[in-house]
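Paired with chain B in one complex and with chain C in the other, chain A is shared by the two complexes that follow.
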Partner chain A sequence: MAVTIPRPAAIALPRARRWPAALVAGVAILGTFAIFAAVGPWIVPYDVEQFHRASALEAPSHAFWFGTDRYGRDVLSRVVVGSRSTLAMAAAGTLLGVTVGLVLGLGSGYVGGRPDEALMRIMDIVMSFPSLLLALLVVSVLGASAVNAVLSIAVVFVPRVARVVRSAVLGLRTAEFVEAAQVRGERGSWIVTREILPNLWPPIIVEACVRMSFAVLMSVSLSYLGLGAQPPTPDWGLMVAKERAFLVQAPWVVLFPAAAIVTLVIGVNVLGDGLREWLMARKTADE
Partner chain B sequence: MSDAVLEARELSVAYATPAGVVHAVRGANLVVAAGETVALVGESGSGKSSLAFAVMRALDANGRVTHGSIRFQGDELLALGPAALQRVRGTRIAMVFQDPHTALTPTITVGEQVAEVLRAHAGVSRPKARQQTLELFAQVNLPDAARVYSRYPHELSGGQQQRIVIAMAFACAPELLIMDEPTTGLDVTTEARILDLIAEMKTRHRPGILYITHNLGVVARFCDRVVVMYAGEIVEEGPVRRVFDAPCHPYTRGLLACLPRLDRVKHDGPLAAIDGALPSLLDPPRACVFEERCPERRPACAQSKPVLAVVPEGGAVRCLRWTELPAFRVAMHGKGADAVAKETGSDASLAPPLLTIDDLRCHYPVRRTLAETLRRLPARAVRAVDGVSLDLARAATLAVVGESGCGKTTLGRAIVGLMAPTAGDVRFGGAALARLARHRARDLRRRIQVIFQNPEATLNPQRTVGQALGRPLELFGLARGGADRDRRVRELLAVVHLPPHYADRHPHELSGGEKQRIAIARAFAAEPEVIVCDEPLSALDVSVQAAVLNLLVDLQRRSATAYLFISHDLSVVRYVSDRVAVMYMGRLCEEGTAHDVFTPPYHPYTEALLSAIPIADPAVRQRRVRLDGPVPSAVDPGLGCRFHSRCPRKLGVICETTPPPAHVAPSGHRIWCHIPLDDLNRVPPVVERMGGAPS
Partner chain C sequence: MTLGAYVLRRLGLLVLTLLAISLLVSGIFQLLPGDAAEQILGAWAERSGATLTAMRARLGLDRPWHEQYLGWLAGAVRGDFGKSLAMDVPIAPLLAERLGYSLRLAIPALVLGVTISLVLGVVAATRRNGIIDHLITVVTLTGVSVPAFVLGSVLILVFAGWLRWLPSSSALAEGSGPGYWARILALPVATLTVESLAYITRTTRSSMIEVLKTPYVRTATLKGLPRRVVLVKHALRNGLLPTVTVVAFNFGWMLGGVVVVEQVFNYPGIGSLVLFAIEQRDLPLLQASMCVVAFAYCVANLAADVLYAVLNPRIRY
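This part shows the complex of A and B:
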C-alpha cells in the first residue's frame, strides 16, 4: 500500500492581514487632525482673526477654499486651527477621566467587598444622569471656560471607565499568577501595579478611544452652548453656533466645521475598532 | 472494502492564520466499517479534531479541505451542496461533542430537543416523537424518563446531559457517529458509566463510530481499531490489541511507554518521556514527521518520507525502520522487592510530621434567598472541607485524590493561605500557621509554595520568565544584588532543563509543558520545604506529562521537599505518592501508604474509583463496580457517611445516620466505613492482569 503524501503546495486561502484597515484609516485621520492642531497657525493661508470685509460670506473660491464667514474670516483657516481647541479639550478630558477611572476601578476591583459595593453604587448614581446634562451641571456650577469643560468631560467619564476597569480586574484577581503572588505574600499595591495593571492596557486603550470620540462630541456641544471655548477662539462648536443664522444664505460657514466634527468622530471610532481588532489578533497569534 | 461507512482518502486540511497557512492534516486515509469503532488518537495539535470536523464538513471559517475525498456510504461528501449536506448530517451522521453543556440549547426542555431532531429529520409526528424520545431516554438509562423529558439542561448533571446528547445522536439511527472526547470533562466514575452506555448503544444500533480521544485507556476499553495521528499525519493504525501489545511506530511506543500505570511507582525509575516538541505545521517536515523526536532515528529518516507499510499482524505503520526495531516491552510490571521496601520504608520514619492538618473545615456560606432571610433561617454553608486530618512527612509525597467537588483543591488553598479555613489548624513544624498567607511570617511563606493546574494562567503574560523567577529570590532575600539573582535564575532554568536564554522570553513564547516547568522553577526558587501541587499535570499532553512528572520526582529526591499532590488521576498518584488520601464530599474515606490504598481492603469508594479508571492495557481486567447518580450537594450533607447515597455496599440506615468509624491498621492505614474490616478484607482486588499477575 504505497501512499504518497501530497506536498503542501501553495493553497488559495484568504491571508489574514497584519494591519487592520480600520487601524490604518483611524491613525491617518486622527494623525492629520493632530498635525493641524500642532502646526495649524503656520500652515493656514490666512490669519484666523483677519477680517476680509470686502469678501464677507463669500462662497468657496480659489482664494478662500472653504469660503468666508460674516466678517470675511477664512473658514478653511479657522477649521484647521480650530482642531486645536477641540482636540485639546477632548484629549485632556479623556486623559483625566480615564486616569481617575482607572485608579478607582483598580482599587475597587482588587479590594472588593463593601468598599467596592459602595463605590460602584456611587458610580451608578453619577451614571444615571444623562452625560450632557451632567456636564452642563458641572460647568454651570464652576463657570463657563475651556478648563471647566475639560473637568466636566472627566466627571462624566470616570464612572464609565471605572466600571470597565473593575470588571477586567475582577477577571484577573483570581488568575493563578495573581494567586501565586498572594501566596508569596506580595503587598496589594505590588500585585495591582505589577501583576494586574500591565494586563489591562489593551482594554484601557480601546476604552480610551471610545471615550475620546464621545469627548469630541461633548466638547463641541459645550462650545456650541457657549460653555466651552470662548470667542474669538476658532472652535468648531463655536463656529457652528455663531454662524448658524447664515445657514441658508451661506451653508459653507456651518457645513465645513460640522464636517470636521463628523470626520474626527468617525476617525476616532474607526481607530478604536482597528485597535481592538489589532490587539485581539495579536493575542490569538500568541496562543 | 465494500462495507465501509466512511472512507477518507488522501485528505488534507489547512487553516489560514495570521502567521501563515497551517497544514493541520496531510494525506490522511481513514476507513470506518459498519458496526466498527475506530479510535482516532493523538495529542493536541495532532490534527485529529480537524480530520473529524472535515468529515462533518464543519471546519472553521478559515479552514479548507485542500486535497482528497471523503466518501460516506460511497457518496462523495465534499461534492454535496448545503441542502443535501444538511439531510446527511444529523440523520445519517451524528456527532457527540466534548462539552454537553454547549451542545444543548438552554431555553428548551431536553425532551423537546430530542423530539425536535426526530420530527425534523425523520418526519415523525409530534406524539410519536415524544413516545420515541421517552424510549431513547430509557435506553440511555435516564431514571424516570418522563420527568427528565420536561427538564431544562441546567437542571441536569454533566453526566445526565451527556446521556441526553447521546440519546439525540442515536435518535435517527445514524450510520456513522463521530464522538469528539465525549467523556473528557466528566469525573472518572461518570465517565465509566457513559462508556458502558456507549458500548451498550453500539451493540444495539451498530453504527460505525469514529471515536476521537487523547486517552489511551478509553481506547483499550472499547474500541476495535485505533488510528494514531502525529503532527497531521497518520503514523500507525491497526486492531487495538495489536497496537497496544506490539506497537510498531516509535511514537506509538513512546505514548504507551510514558503513561503512568497502576503497577509502576517512582522507585521503579523514571517514566520514558518523549523529548522535544511538535514540529511547526506552517512548514511541516518533508521527511518523517517524528524524526526530530524519535529515539530510533537514523540519518536516512531525515531524507525521505516513509510510506505506510502493512503490518502482518494487522494495520499499517509509517516508519522506515519499523522492521528493525526491537520487540516492544514496557519496562513496568514487576515492582522490585527493593521498590516495595523503599515504599514502605519511607513510611516507617518516626520523625514528627512536617505539616499537620488537624480537623480542618472550610465552609462557604450560601447566600440566603429572600424568603429565607425574611423567615430568619440560618445561612447554610457548602462544606467543601469538613473535618480532615492529615500528616505530611518531610521529603514525602502525600496525594489527595477524589472527583471534582470533593474538596481537594479547597484543602490545598487553605494550606497555602489563599482561603481562610472555618475551623481547625494547619501546623507547620509544630506551630499553627496564620489562616491567610499575608498574615504569615515571610520565612513561613517561603517554606510553603504552590504549583497550579493551568499552565496558561500560572505565569503573568506581561512579565518575562526571568522576572517571574527573580521575584521570589528578591522577595525572600535569596539573592544578593542583580548579578547574583540573574545567576540563580539561570541555575533554576537549568534545574528544570531549560536553556538560560529563556529568561528573556514571555510566556506566550513557551509551550504548555515549558510554562509548567517555569511554574515548578518558581516554586523551587524559594527553596521551600512543602509544595502544594494542585493538579500540575492534568492540562498537559501525555508525553509532556511524563517529563514533568519525572522532573517533580527528581527534584524531590534532590531537595527533600515534601509534596501535597492533589490529583484526580489514580495512575499518576500511584506513580508519584508515598501516602494517599481519598476524599469524598469534604471528608476522608481512606488514607494510608500508596500500597495499602491500592490493594484490598478498600473503602467502597476507592474500589469504585479503581474500577472506573481507564487503563491503557487491553490485557488488564477491572472488576465492574459502578456508582449510580451524581455527587450529591455538599450543602447540609447530613450526619452519616457522605458516600451512602451512591455506595454499592451500603449496609442500611446506620450509614445514613451515624458517622462511619475509622478502622486503623498497624501500618497506619485508615478506612472510614461501617462495614467490618473482616468483610472489607474479603473483597478481591479490582484490577488484575490477564495471564498472570505481576510478581
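This part shows the complex of A and C:
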C-alpha cells in the first residue's frame, strides 16, 4: 500500500499559525466578561444599588432590558457589574491554588524521598474530603465572606494541582537535560526554576483553565449558599439565591444571572479546550 | 495477595484515614475564635467571668485539647456525638434522621445517573462521531457547565411554576406513601442525576471505544455473534472497569451536590444540616456531620476499589 508521507512542516505549520476556533471563542467570551468586570459600573444604565420602588419586579422593558428585582433594582446593571464578583473570586482562587500547588508539587517532585511521601499523604487526606464540603469546612472556620471563599477554593485546588505538577516533575527529573545540569553542578533551585519549570507551562496552563471552570462553579455555589459574596454586592449566585422566592412570579430576576453563569462557565471550558489544542499544535510544530 | 487480605488491609487504612480526618476537623475547630461556651452565652451577652468559666467546665472545654479530642472520639465510637448547641438535642439521632433523608435523595440519583450514563456512554461509543454521539456530548457538557442550583431553579420554574405538575418546595409536610415521596423527590433527584451524567458518560464512552477496537471483540463479531451479545458479554465487562472508579468519585461529588440541591428545594437532609450548623456556629453538630460525610465518602471509595478488584481479575494488590 503506497502511503505518501507529508513533510512534518507541511502538516504542523499551518495548524500552528491558525488560532483554534475554540480559543478565539473562549477569549471572546471571557474577555467580554473581563471588560464588564473592569468598567461595568461606568457602562451600565443604572446604579446597581438604586431602588426604583415604583417599578419593582417589572418585566423586561425598554427602560429595564432585563427587568427589575423586588426592590426595583435594574437586573441588567446588576448582571453586568456582577461579573466582577464572580470573576475576581474565581480568578483569585485559581491563581492562589495553582501557585501554591505548583510550588509544593515542584518541591515535592524534585526533592523526592520522605518529604515527598509525607506531603503526598497529607494531600491525600485533604483530598479525601469532597471538594464542596472541604470548602464549606474552610468557610465555616474562617467565616462567610468573599475573601474566605477565595481561600477555600485555593485549599481545595492545592492538592489536586500539586499532584499534577509532581507527576510531571517526576517525568522530567530523569530527563537528559536535567541530569546534564546536575552534572554541571547547578544548584537545585536553579534546576527547578530554569530547567524543569519552563517545560511545565503547557500542562500548568491547561490545568489552570480546568481549575478556573471549577472555581467559577464553586464561587457561585458558595455565594448561592450565603457563604461567599455578601449582600448588597451584586453577585450572580447571590442574585439567584435572594430572588428565589420570586422565581415563578418574575423569572427574569433568576434567569438572567443564571444565564450569565452558564455562559461564563462554557466560555472558560471552551477556552481550555482551545488552549489545549493550540499548545499541542505548537508542540507538534516545535518537534 | 488474595482479595480477602487486600480488603483487610484497605479496612485498616480506612480506620487510619478516618482517625486522621477526625483529628483534622477537631484541630481546625481549635483554631476558631471563640468556643461553644461563648456561643451559648452569647445570646445573653454574658460573656465574662464566672458564668463563662462554669459553662466551659460544664461542656468540658477547660480540659486540654487532646483530652477533649479523646473524649469526643470515645463517644463517637459508641455513636454518641454529644448535644447540638443550637437545637439542644442529642446529635446522633438527628444525624441519623437527616442522613436517611439525604440517602433517599442520593441513592435514586446515583442509580439513575449511573444507569443513564452507562447507556449513553455505550450508545455514544457504538455510534462514534455520529449525530447521536455529538448530541450526547452536547448534553453532558451542558450538565458540567450548569451549576446544580441553576438547573434546580429552572426545573422548579418549568415543572412547578408553569406546568404545575410538581411542588416547588420539597420541605416535608403532612403526607406519606410512595406517591408523596415521588412527588417531593422528583425534581431534586432529576437535578442531581443530570449533574452527575457527564463524567460517567465520557469515561464509559472512551473506555468502550478502546475495548471495541480490541482483537477479542473483533473475533467475537467475526464468528457471527449478535451485536448485542458482543456488546454485553464481551465488551461491557472490560469497558466498565474505569467507570467503577468514576462512580465512587461521583458519589463524593454528590455529597457536595446534595448540600446545594437540598438548599434549592428546602429539603431537610444532611446538607441543610451542615449549612444550619455553619450559620448557627454549632460546632459539635458541624464536627459530627462533617466526620459522618467524610466517612461515607471513604467507604464509597473503598467499595469502588474492592469492586474494581473483583471485576478485574488481572489486578492483584
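The criterion applied here is as follows: the second predicted complex is superposed on the first by the 270 of 287 C-alpha atoms of A that agree within 3 Å, B and C clash if a C-alpha of one lies under 4 Å from a C-alpha of the other, contacts with A are read in each partner's own complex, and residues count from 1 in each chain.
Quick note on the criterion: contacts are C-beta pairs under 8 Å (C-beta built on N, C-alpha and C of every residue); 3 or more make two chains touch, one makes a residue touch a chain.
Remember, it's a predicted structure, so these values are computed and weren't measured experimentally.
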Contacts of A:F177 with chain B and chain C, given as first, second, both or neither: first
Which superposed partner A:V158 touches (first chain B, second chain C, both, neither): neither
Partner chain in contact with A:E195 - chain B first, chain C second, else both or neither: first
First, second, both or neither for A:A229, with chain B first and chain C second: neither
Partner chain in contact with A:V81 - chain B first, chain C second, else both or neither: neither
Chain B and chain C contact sites that coincide on chain A, given as residue numbers: none
Chain A contact footprint on chain B (complex, rising order): 10, 12, 14-19, 21, 23, 26-27, 29, 62, 64, 66-68, 233, 284, 286, 305, 307-310, 316, 416-418, 437-438, 440, 442, 445, 448-450, 452-454, 457-463, 471-472, 475, 508, 519, 522, 526
Chain C - residues contacting chain A, complex: 17, 20-21, 24-25, 28-29, 31-32, 141, 144-150, 153-154, 156-157, 160-162, 168, 252-253, 255-257, 259-260, 263-264, 274-275, 277-279, 281, 286, 290, 293-294, 297-298, 301
Of chain A, residues touching chain C in the complex: 125, 128-133, 136-137, 139-141, 144, 213, 217, 220-221, 224-227, 237, 240-241, 244, 247-248, 251, 254-255, 258, 261-262, 265-266, 269
Residue ranges of chain A in contact with chain B within the complex: 1-8, 11, 13-16, 18, 175-177, 179-180, 182-186, 194-195, 198-199, 281, 284-287
